[in-house]
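Quick one: structure below, then a few questions.
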Amino acid sequence: MTTTDLLSVFPLLILILWACLVLLLDVFLKRERLTTILTAIGLVVTLGFSISQNNLNLTGFNNMVVVDNFAVYLNIIFLGSGLLAISLAHDYLKRMGINRGEFYVLLMFSISGMMLMAIAADLIVFFLALELLSIPLYVLAAFARPRVESEEAGMKYFLLGAFSGGFVVYGIALVFGATATTNLSGIAARIAEHQADIPLLTIGAALILVGFSFKVAVVPFQMWTPDVYHGAPSAVTAFMAIGAKAAGFAALMRIFVAALPTLSEQITPIIWVLAALTMIVGNIVAVAQSNIKRMLAYSSIAHAGYILMALVSYGQSSVASVSVSAALFYLLSYAVTNFGAWAVVIAVEKAEGKGLALDDYAGIGRKYPALAAAMAIFMLSFTGVPPTLGFVGKFYLFRAVIDGGYIGLAVIGVLTSLISAFYYLRVVVIMYMRDGEPEVRSEPWLNLTTAFTAIATIVLSIFSAPILQWASQAILSTF
Amino acid sequence: MGIKTLIWLLPLPPLLAFFIIVLFTNRKKALSHTISVGAAFLSWLGSMVVFFFAVQKGAHQLGEHPFASSINWLPLADKWLKIGVMVDPLTAVGLFFVAWTVFMIFIYSIGYQNYGQPKGDHDQKGLPPHGATVIDEQGHKHKVPSIEPMYSRFFAFIGLFAFGMYTLIISDNMLTLFVGWEIMGLCSYLLIGFWYAKPSARAAMIKAFITTRVGDVFMLLGIGALYAFTKTLNFREIFFNEELLHKMATTPSGFFGLSVAGLIGILLFIGTVGKSAQFPLHVWLPDAMEGPTPVSAMIHAATMVSAGVYMVIRMFPLLSAGAQHGELTSPMMAMAFIGAFTALFAASIALAQNDIKRVLAFSTISQLGYMIAALGIGAYVAAIFHLLTHAFFKALLFLGSGSVIHGMEHGIYHVDEDIDPQNMFNMGGLRKKMPITFWTFLAGGLALSGFPIITAGFWSKDEILADAFSNGHWMVFGTLAFAALLTAFYTMRQITLTFLGKPKTRAAGHAQETHWTMTLPLVVLAIFAIGFGWVGIPEQFPLIGGLIPNWLHDFVITTLPHHLGEVGFNWAPLLTSLVVALGGLFLGWYVYKDVPAGAEDPLKKPMGFVYKVLQNKYYFDELYDIIFIKPAIWFSETVSYLWMDRKIIDGILHFIARIAFQLGTIFRDWFDVPVVNGFGDFVGESTKKIGKSLRVVQTGRVQQYMLIALVITVATLFYYLFSVFTP
Amino acid sequence: MTTELILFFSLALIAIITGLGLLISKNAIYAALYLVLNFFTIAIFYLLLGGAFIAMAQVSVYAGAIMVLFLFVIMILGAEKLGKSNTVAWQRPVAIILSIILLIEAGYVLFWRTAPVQAAQTLPDGFGGPASIGNVLLNNYLLPFEITSVLLLVAMIGAIVLTHKQKTDKEV
Amino acid sequence: MIPTTYYIVLSALLFTIGALGVLIRRNAIIIFMAIELMLNAANLAFVAFTRMYGIIDGQVFVFFVMTVAAAEVAVGLALIVAIFRTKHNIDIDQLNNLKG
């Protein structure tokens, strides 16, 4: 092991060691508050190290990992998500009577899995990262046990996760069979030398696509999402909706763009159809939901469809980098907005799964104007109305898709986002135009999260240039 | 502070007012309206300063070097997407009319929403105020109008609306224009449904939302196509690039034999059709009268519908790209045709409406048709001119009608009569009771009918007709002239029924002049309705032509890269417009001058069937019901139920049928329930209904989830193996 | 037909039969035992393919540890058999047809579409032995190796979190 | 020498049987076993390819997959135990409170 190796995984190493430390301290000190603070400190420290890796462009462990700006960008999203998740969970866990220190430990392990996913450059590492991020999430989804919904969510997530994991492994086996390596650069080299067995490789790639499609909830592999998002504790759902999705997309982008651009002739039509289906189904079914968690689950499916659009043109090297940076930016905008929306959901939610119906939002506009305004901002951002982050994200995404020459897909995207206006604005309408007597939890960290994300949604959309530039540099160094 | 900074700041005060009111001053009514009106004043003041500087700079200077400032907003791969503001001559005159009308409407809203009146006895949020009972010093009980329960919210919403309009006007690119456009769409949706507890208001809100959305989709596609082809959305970069325009006009787009410019033009124009309520997307505008009257004035005169016309005027160089010597491009032909048709079509409907606001609504549609048609035949200046004058006199008429309704309501409370305060056949004789309203309304009405020489409407309408005549567009000329006759007729019908003669009801006899906050805007707007025509008198007009230079023409024409000349004078259009205006006015007065109380419309008998058709607006709502809504219901009920109940196929087909059924249910619940039963029920009940029906797919059984996913995967694989991979 | 092929086909037959046994056995314990048998045959395949060490690992980890865990849980819960349930009728036939189609596709790809199979390499001495595997594992695959240790730790924490008695139940 | 294709076909067969088991069995524990079978099928493919190319890497992957399988089983069985405590049932068809 060389210094470079160590340097490349240093933030990851710090986080894992820190998680072990927190685990021990939690057992011996039994002070949940301290655990929370320690976790936050650990994440902030790791965030600092991650940022310091910017522009370093390292490879380590015999090309097993690549630390480029793409990875750094994603790691920052993961760690930021972790911090936001803690500030949401801190009070929520107490209220729901599930305040146990292991929550934070598992959260940190899950984040380390995501970070590993972002830097992975070998299919085996992708698979291990997938499991490392998923296994804690299975447990976290069931964290509110013995509530039967939570356990059911954990079980469903686990079954689908393990099942899709089987596909990923088999896909990796076939890719290995076709190219005699699992290293991304090795695969690309073998293809370039015409030494790869293309049909076998295609099937393998398709199986990997299927496996990760389960993870990022792309239609028709999405059906677990509403059930799991509904049953899992809200703070976990908020984290899952960002972290797992972003990590899944990170893997898809890295694998397909870096190793398999030559397969685009076969893969692109599939991704086209998947993206279109996902946008259509996600948005239409969301209209029918009366539970806010399920609605947001379908909305997350729909957004996965939008992000997937960026992958359609992955084979055209001139457009690929633009598309990937558009997807990266979209992930960020989705992360910020999504955490805000979930913060509001958590504020309104009561124990025993109450306070989750859309009807429970009636009257919030009058009684809690600031909260309602924040929620309205998030809904507008989800819809893609300017001036919000969601708009900027969609703008770039559609532009990348049009640049790739997929006008039809862009049109579907625009049309479905118009449909989405219907259910997002419904929340706004209910909040402002129906009378009700809502009770809302007001807690400093929760309020801070809501305010922070709301302001960020607006302000970052107006001053989005630096982030965009960062996102566009994030990919250029990979290729 | 430089002039450019000032332009950036123009839209901000109403936006700030919106946030302040929503977040902080929601409960304090006086403070809320002070903030809102103050914000409108600041924007007005700023606009006037900008306008003054713009005029001072001189037309040619401004046309070539407009006040423009832009910032880099979003980085693109190799350059930046810029957004910015620009004041060229078109923007300058646009700012002028927007600033005045918006400011007046804000002031008027104070009085209209009954500021200073007591709280209502039974008023509740989401319903119009129903009046309050007060006891005076002698101990008599009186019923008086009561203050709007959601007073502050109203001022917040119109603030946001004004922000959208200012943003749209000062944009130098299509993107921020669209932003303003959508913000106004959102506000109109909120304001039409302001009294959300009224089922009709909810239905109107949904209708407006869905109808305009249809237009917006096409417009967005147009913007996308424009960007894809030109790689910019900045107006001047496109319009002043001769080569680019030529390329766009000559490159075929592959759709219907249109050129790229033609295709984009038509897509953008469909956006205008939705926004400016042109045939066949006009159905939402009359229903939008469900909102409070200042909203009607705002949406249907000053801002939103004007925005549609403003956009096509803005895009004129693109729309006319490739036109040679009087030949019209495809978008222009579409505009000329739809505009002229809408002008006549809507005017004929207005003949048979009895609701004072509905007459005006259809009149707006008709007048917007004039502008579109004018632009379609290339009468650029005339279209702008009519846009300006119409904004003033239509705002005046709407505010006047609001004042009339208020006066009537006062009378109704006084005599405790149960009649519709908006039905013109319940009015009459208001001339004496409400003199200011009468004289100002008369000014507006005469302007609308194009009463010769003294009204602004005459000059702008005459210019359109003259343009059509001298360029040989006979069909357009004839249609518009006939529509002008109808316009004069229904306007005089309205004035006669409302103000002249004797009161037809007791309530009308006790109507009362409204508060100064309402009459002051009327007077101001009346001055513009009369006087604004003087800025555009053609040079060659007999006797008075040339006394005042044709300032407007010289000023706005510099917006275009190629300056169009003024049309020559011709007696034929002038005489036509004199005859139709005066003739229509006379007929209107003559037919309705002594309609007794309780009588039917005198035209109803002689016109018979035709009258009924007109009164029912050519049955367009019913037609849409039959074409779009009924089939969806039929499909879901007949097809899906048959499939479902008879269980023809089990297994997978069973499953597919269920999906079809759910789609049908979704359609039914989307179209039927929200439109017919209203939004409130939709949110509560129907959501649950759809949710329930969708549970069939989302069974909660995890194995089915996997199975469905795998069925699709294997099918895809199958397709690939045996079609794509075949050697 | 060589002995090797005969061996292969008979083992393959056992593997398939035990796999199918897993599919149809009513009792969970029998299913587990079928699976153990299946894992043994796979271990023999590993031996045939020159993976002596992983064959041992297969027997000890899978058959020895994992399956024992399975049996243990089945016994503890007493969940050998399930009661009647309202299974959806179409689910099973569709799944079976689906599998058959999938197999046809797989066969098609492997026999007709892939490039000719490369001639097997002659293996060096000690290939697949503990030394050669350990060498690769701790050099080339050091990072994944370390990750698996974290993974096992996480699984342990997870299992404890999910099963240990709730302290919060009493506290709240 | 047995062609590698035979092994791959066998592994595809086992993988399909495993997937089918996941799809049709109701007992959650048996579903887990079926998932194990799927992973084993992948392992078999790895080892077969290793033999074909004569490089050791594929056998190393088998270790990782085994570890992952062990980790998954630990968490999965813990989940089953937890659910059994609440519902006294491990029938996957009964696990449908969340739907719609």
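Order as written gives the chain letters A, B, C and D; numbering starts at 1 within each chain.
One rule holds for everything that comes next: contacts are C-beta pairs under 8 Å (C-beta built on N, C-alpha and C of every residue); 3 or more make two chains touch, one makes a residue touch a chain.
Just so we're clear, the structure is a prediction, and the values are computed from it rather than from any experiment.
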Chain labels contacting subunit A and also subunit D: B, C
Identity of the chain that, by mean CA position, is farthest from subunit A: B
Distance between chain centroids, defined by C-alpha means - subunit A, subunit B (Å): 42
For subunit A paired with subunit C, centre-to-centre distance based on mean C-alpha positions, whole Å: 30
Intercentroid distance (Cα basis), subunit D paired with subunit C, Å: 5
Length of the line joining the C-alpha centres of subunit B and subunit D, rounded to whole Å: 63
Subunit A, residues touching no fewer than two other chains: 124, 128, 131, 135, 138-139, 142, 145-146, 154-156, 159, 163, 199, 203, 226-227, 289
Multi-partner residues of subunit D (each touching 2 or more other chains): 4, 8, 18-19, 22-24, 32, 43, 48, 52-53, 57, 64, 68, 71-72, 75, 79-80, 82, 92-93, 95-100
Residues of subunit C whose C-beta touches two or more other chains: 91, 95, 98, 102, 109, 113-114, 140-141, 144, 148, 151, 154-155, 158, 160, 162
Pairwise touch network: line, ring, star, complete, or other: complete
Subunit D to subunit A touching residues, read off their complex: 4, 8, 11, 15, 18-19, 22, 28, 31-32, 35, 38-39, 41-43, 45-46, 48-49, 52-53, 55, 57-58, 61, 64-65, 68, 71-72, 75-76, 79-80, 82-83, 85-87, 92, 95-100
Subunit A partner contacts - residues on subunit C that touch it in the complex: 109, 113-115, 140-144, 147-148, 150-151, 153-155, 157-158, 160-162, 166-168, 172
Footprint of subunit C on subunit D - complex, ascending: 1-10, 12-14, 16-21, 23-27, 29-30, 32-34, 36-37, 40, 43-44, 47-48, 50-54, 56-57, 59-60, 62-64, 66-75, 77-82, 84, 89-91, 93-94
Contact footprint of subunit D on subunit C as seen in their complex: 4-5, 8, 12, 15-16, 19-20, 22-23, 28, 31-32, 35, 38-39, 42, 45-46, 48-51, 53-54, 57-58, 61-62, 65-66, 69-70, 73-74, 76-77, 79, 82-83, 85-87, 91-92, 95-96, 98-99, 102-103, 106-107, 110-111, 114, 117-118, 120-123, 127-128, 132-133, 136-137, 140-141, 144, 148, 151-152, 154-156, 158-160, 162-163
For the subunit C and subunit B complex, residues of the former touching the latter: 88-91, 93-95, 98, 101-102, 105, 108-109, 113
